[in-house]
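In what comes next, chain A is part of two complexes: it sits with chain B in the first one and with chain C in the second one.
Moving on to the complex of A and B:
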C-alpha cells in the first residue's frame, strides 16, 4: 500500500516538472534486476526441490537406484499403515504441546511485566538479552550440555540429587519416556521463550498508549487493562507466534535427535527424525522420506489454515456485536 | 549509454549470483571435471566443525577417508617413497558419523572421489554396491594380496566373488583388564590365569560375581553393554541377513540374557558405551576391564588411562572377535583407476611399507608374513611389558569375515537401541524387545523379509 501511494505522488510531481526533466528514463525496471537473485535462488533451492520431493513420493527411488519408477499411491498407503510413522506424528504433537503451552504463558507474563509502565522495571534491556541468550547457542551445543547434565550414572544432576539425599540411586533420565520427553520439551521451551516474549513485547508496544491512558482515567486496574485492551489487540501477533511456533514445532529435529537419537523406545522420534532416518539410514528409502515430507507439508498447511480461520471467525463475531 | 547500463546490471546480477554460490573460482576454468576445491566448513552432529570434502578435478587423485591414518600413510610414507608421482593426491577427511551422508549422494556420479576408505560397519554397503572397480584386474595387487589374511579379503569381496576392497590392517579384539585390581580382589596374577578364568561366558559371569563379592560391589567387571555386544555379534553363526531374510542368531538371545544378568546383579557399571562415564572409568578403580580391538587400545584406552597406565593386561576373553577395520577401494567413475590401484597395492600389499608401519605405529597389519616376522619384537609399556602384538596375532585366524553384511551398521544399531539396552535395563520383556527391533528393521529396510 505504502509503496503504491509513493509512486503515484512521484508521478504527479514528475508531470508538473518541466519537459526536459520529464523525459528522464523510467528506472523501474532496475527493480527486476535487484530482485532477480532471490528469485533465481528461490526457484533452484526451494521451488524445484519441493516439486521434486512431491514427484519422488510417487516413485520407488531408494538405495543406490538412480532411476525412479512410478508406483502411484503405494508409498502413501505404506506410510499410513506404518506404526512407527504414526507414532512419530503423535510424538511430535506431544512435544509441541508440552513445550508451547508453558512457553506462551511465560512469554506473555514477561512481556506484560517488561512493558508495564506502572511497574517500570529496571534493567529490562539486560534481562531481555539474558532471556534471549539460549536461542543464540547452537542446538548441537545445547544438546551436548543437557546430555551431560542429565547423564547417568555420574552426571552432575544425579550427583547433586544423591548428595542432597533426594534420591538413593542414580536416575537414568534418558531411559524414561516421560523424563526424556519432558527434557526435550523443556529445552525447546528454554530456547524459544525469550524470542516469543520479545515478539509479544513488540506487539504490546505497538498498542496506542492513549488507550491505556484512557483506561487508567476510567479507573481500570492493571489486570483489567491487560485483559480488556492488551489481549484483544494482541490477537494478530499471537496468531503469528502460534503459527510460526507450530511450523517450527512440527519440524522439530535437532534437539531430540542429538540428545537420544529418538529413544528411548522411539518416544521422541519426531516426524523429521523419521524422515531423516528413512532418507539417510538403512535402505535409504528416499521415496518413503519424500512421502512423509509431503504429509508434513499437508499437515502444516491444514493446521495453519485451521488456526487462521478460527482466529478470524472469533474476531468477526466480536466485531459484529 | 543504454548498453553500458545493461552491462552493468547484468554484471551486478551475475556477481551477486556467483558470490552467493561461494563457488566462483571454478566457474571459468572450462574443464570437464572442475572439482570443488573451495573450503567449506560444515558441522557434525556434535557440533564439531570439519571441512567439506572436495574433489580436485582432472589429474588429481581424490581420496575420501574418515581416519587420519590415511593422510599419515599417504603423506609421510607413500609420497616419501614415490616423490615423482606426476599428479597430486587430494585427501578429504570426514568424521566417521558424517562419512556416509557426504559420500552416498555423490557415489556413482562424476563428483565421486577416486579412492574411498570404508569402515567395517558400512564397508559391505559399498562392496556390494557394484560401483567399485574390480581389483582382480591388477595382477600385482592380487599377487601381493595372497599374503593378506583371508577374512580381510573376504569382507572386501562381493557376493559374486569380485574382489573390490582391501585393507592394510586387521582388528582382532581382546579383553583388557586391570592387573592390580585382579590380583587385589581375585588373586589372579597373570594373563594366563585370567584367560583361564574367563574362557567362556559362564566363567566370565562367575568371575564377575566373585569380583563383586570380594570388592563389596565397588568394582564392576565391565563398564557397559558395549563390552559385551561386539564379542557376541562376532561369534554369531550367521550374519544379520541371509538370502534377504533377517536372522536373529542364538548368540543374540544369549547376549540379551548375559547383559540383563549383569545389570540385574550389579556386575556392570551400565554406563553408556563411549559416554563420559565409560571413558572416565578407565582412569578410576571402578571397572576391571574393557572389550576393545587393536585400535581401541591406541585411540580410546591409552589416552583416557594415563593414571592407570602400566597396570593393564590383555587376554582374548570369552570369545575371539574383531571390531572395526578400514578397507580401501576405487570408484568406477574414477578417471585415475590405475593410479588409485597403485596406491592401494602399495598400502595394502607392500611388505616393506607394512613392516615400517607396524614398527612405527604398532598397528596389526593384514599381511601374514609381516605379522609373523614382527610379532616377537613388541613390549608394550602400557600393558606392563606384555607383547600385545603377539596376543593379537594369535587371535586373527579365528576371525570369521562371512558374517559381515551390508546391513550391519543399521541393524546392529537398532538391536543395541531397541532390544539390548531396554531389555538389559529391565524396561521391557524379551518378546517386546525383539518385536520393537523387528519393526524398526522392517521400517528401515522395507524389502527385507522380517519374521
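Moving on to the complex of A and C:
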C-alpha cells in the first residue's frame, strides 16, 4: 500500500508538469483513437450481449423457435417458483462458504508465519510457489483428477483407505450429498488458498514497519501485534479478498459440472450449471437461462457496489492523510 | 537461561512449521503425481492398489487413448492458437488503452475508466446467453473469432497496465521523440511499449493461462470435434469409452496438465511475483 501512495503523488506531478507545454494540447485527441478499439470491442462483445441477455429474459425464446415474443415478467415468476433454481442458489452459497472459511483462516496463518521476522523462515519462496501451483492448472483437468481419485469402488483413495484398514468396504463418495459438497469445496479451497495467502502477505508487507517496532518496544508479543496492528490494518484487503472470492464463487461451473454433473440429487448444481443446462440441454430454455443470468448479474452488481464504496472510503481517508 | 529456553521454543516452532508446510506441499503435488504414475500403469495394476512408482504401460495407454480419437496434439494446437492470439491482442490493445489514460486528457476519460472498473468486477459469464445467441445470429458458432476477438477489450489487463505506466511514465520520455516529429502511434510503439516489457511479460503469462484453461465458452460455442480445445478434450474422458480403460484416462489427464506443470517449473517465480504485484496495486 506504500506503493500506491507513491503512485498518486507521482501522478500529481506528472499531471501538473505537462500543462506548461503548450504543444501537448494538440496531441490530446489521440486519446480517443487509442481508446477507440477497446471501447468498440467492449460495446460489441460485452455491452450488447449483456443487454441482449436482459432482453431475452423478457421473452419466450426457447427450443428451436427463432422469434422472441415479449412476455413481461413471466419468466421471473416462473424462475422464482422453480425449486431447482432456488436450490442452485443455495448450493452455490453453501459451496462457497465451506471453501472460503477455512481458506481465509489458513491463508492468514500462512501470511503471518511467512512475514514473521522473529521466525525468519527459509524457503518461503519455494513453499509459496508450491501452494499456488493448483491455481494455474486447468479446472477441467483438476475436476477429472478428483473425479478419479475419489472414484468407486477402486479409486486411489478407496484403495489406500482399505489398505490402511480405515474402512472395510469401499465408499461411494459421489453418492453422498455431504461428501460431494465437501469434495467440491475442498477442491476450491485447494486451488485458491495459495493465491489468497500471497495477496494477504503483500498486504502485511505493505504495513509501515515502525508500527511493529513501536509495539515491540512497548512489550507486545508477536501475536498481540498481529491481532492489534496487522488485522485491523488488513481490513480493506481482507474485504477485497472476500468480495472477489464471492464473485468468483458465484460463477463456479467447471469443477462441479465435470465432477458429477451437478449430482447427487442436484446437491452441487450451481447457478451456472443451472443456466448451462437450461440453455443447452433438454428444452433449450434460453429465456429461463437469461432470467437466471439477470439474477446472477444483480447479485454480482450488488456485491461489486459494496466493494466500490469501501474503496472510495479508503481513498478519501488516504487523501485526508 | 530464559534466552536459551526461548531459542529452543523458537526452534521447535520452526520445525513444526516446516513439517506443516511439507504436508501442504505434498497435498499440492500428490494428486498430480498419482495421475502421472497411473498413466504409466495398466488397468489391472491401477485396480489392485496405489503406487507412487511408475510402471511400464505408458505406451499401451497412449495407443488406446489415440484409438479412442483423443487427438491431444490437435487439442494443444487449437488451445495454443486461441490463447496466443487472444494474449497478443489483449496485451497490445490494453497497453494502448492504458497509455491513452496516462498520456492524454480527453473528455469521457472518467466515464470509460468507470466502465473498466465495473468490467473487472462483473464477469462476462453473466451475459453468456446473450453472447451465445448473438454469435449464433452472426453465424459465428464453430468459429474461433468469439473466443479471440473479445480480448481486445480486456479490462483487468488495462487496469494492470495503467498501474504500471503510472509508476514509470514521465512526459519527458516522449517529448524528445515528439520534437523529432514522431507520430503519437510511433511514440507508443518505439518508446512506450519497450518500457512496458516487465508488465507485458507478467500479463502475457496470466492472459495465456486464463485463455488456455477456459472451458465454458468453447463448450457453448464449439461443436466440431476437430476444433475442440484442450479442456473440451479432457471432458471427453468422462465418457463411456474410458469406463474400464483407467490407464488411458489417466494418460489423457496427465497429458492435459503436463504443459502447464512444465511451464510452471520455469516461470513460477514470475507468476508468484505477478500475483504479488497485482495484489499490492489493488
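Keep this in mind: the second predicted complex is superposed on the first by the 277 of 321 C-alpha atoms of A that agree within 3 Å, B and C clash if a C-alpha of one lies under 4 Å from a C-alpha of the other, contacts with A are read in each partner's own complex, and residues count from 1 in each chain.
FYI, a contact is a pair of C-beta atoms (placed from the backbone, for glycine too) under 8 Å apart; a residue touches a chain by one contact, two chains touch by 3 or more.
The structure displayed is predicted, hence computed values, not measured ones.
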Aligned on chain A, chain B and chain C: do they clash or fit? clash
Using the superposition on chain A described above, determine whether A:144 touches chain B (first), chain C (second), both, or neither. both
Contacts of A:280 with chain B and chain C, given as first, second, both or neither: both
Determine, under the contact definition given at the top, whether A:238 touches first (chain B), second (chain C), both, or neither. neither
Chosen between chain B and chain C, the partner touching more chain A residues is C
Can A:172 be said to touch chain B (first), chain C (second), both, or neither? first
Which partner does A:265 contact after superposing on A: first (chain B), second (chain C), both, neither? first
Which partner chains sit in contact with A:121 here, chain B, chain C, both or neither? Use first/second/both/neither. second
I'd like to know which partner A:78 touches here: chain B for first, chain C for second, both or neither. first
Chain C clash site on chain B (candidates 163-171, 217-225 or 271-279): 271-279
Based on the A-chain superposition described above, do chain B and chain C contact any of the same residues on chain A, and if so which? 30, 33, 37, 41, 138, 140-141, 144, 148, 154, 258, 280
Touch list for chain B against partner chain A, complex: 9-10, 12-13, 16-17, 20, 43, 45-47, 100-101, 104, 107-108, 129-131, 269-272, 275-277, 280, 407, 410, 417-418, 421-422, 425, 427-428, 436, 439-440, 443-448
Could you list, by residue number, the parts of chain C that touch chain A in their complex? 10, 13-14, 17-18, 21, 24-25, 27-29, 31-32, 34-35, 38, 46-50, 93-94, 96-97, 99-106, 109, 112, 115, 117-119, 121-134, 146, 149-150, 152-153, 158, 163, 166-167, 169-171, 175, 178, 184-185, 188, 209, 212-213, 215-216, 219-220, 230-232, 234-235, 237-238, 246, 249-250, 253, 256-257, 260-261, 264, 268-269, 271-272, 275-276, 279-282
In their shared complex, chain B is touched by residues of chain A numbered 30, 33, 36-37, 40-41, 62, 64, 66, 78, 82-84, 138, 140-141, 144, 148, 151-155, 172, 175, 257-258, 261, 263-266, 277-278, 280-285, 288
Can you tell me which positions in chain A touch chain C when the two form their complex? 1, 3-4, 6-7, 10-11, 14, 17-18, 21, 23-24, 27-35, 37-39, 41-42, 45-46, 48-56, 61, 113, 118-119, 121, 125, 127-134, 136-141, 144-149, 154, 156, 159-160, 163, 190, 194-195, 198-199, 201-203, 206, 237, 240, 247-248, 251, 253-254, 258, 272, 275-276, 279-280, 286, 289-290, 293, 296-297, 300-301, 303-304, 307-308
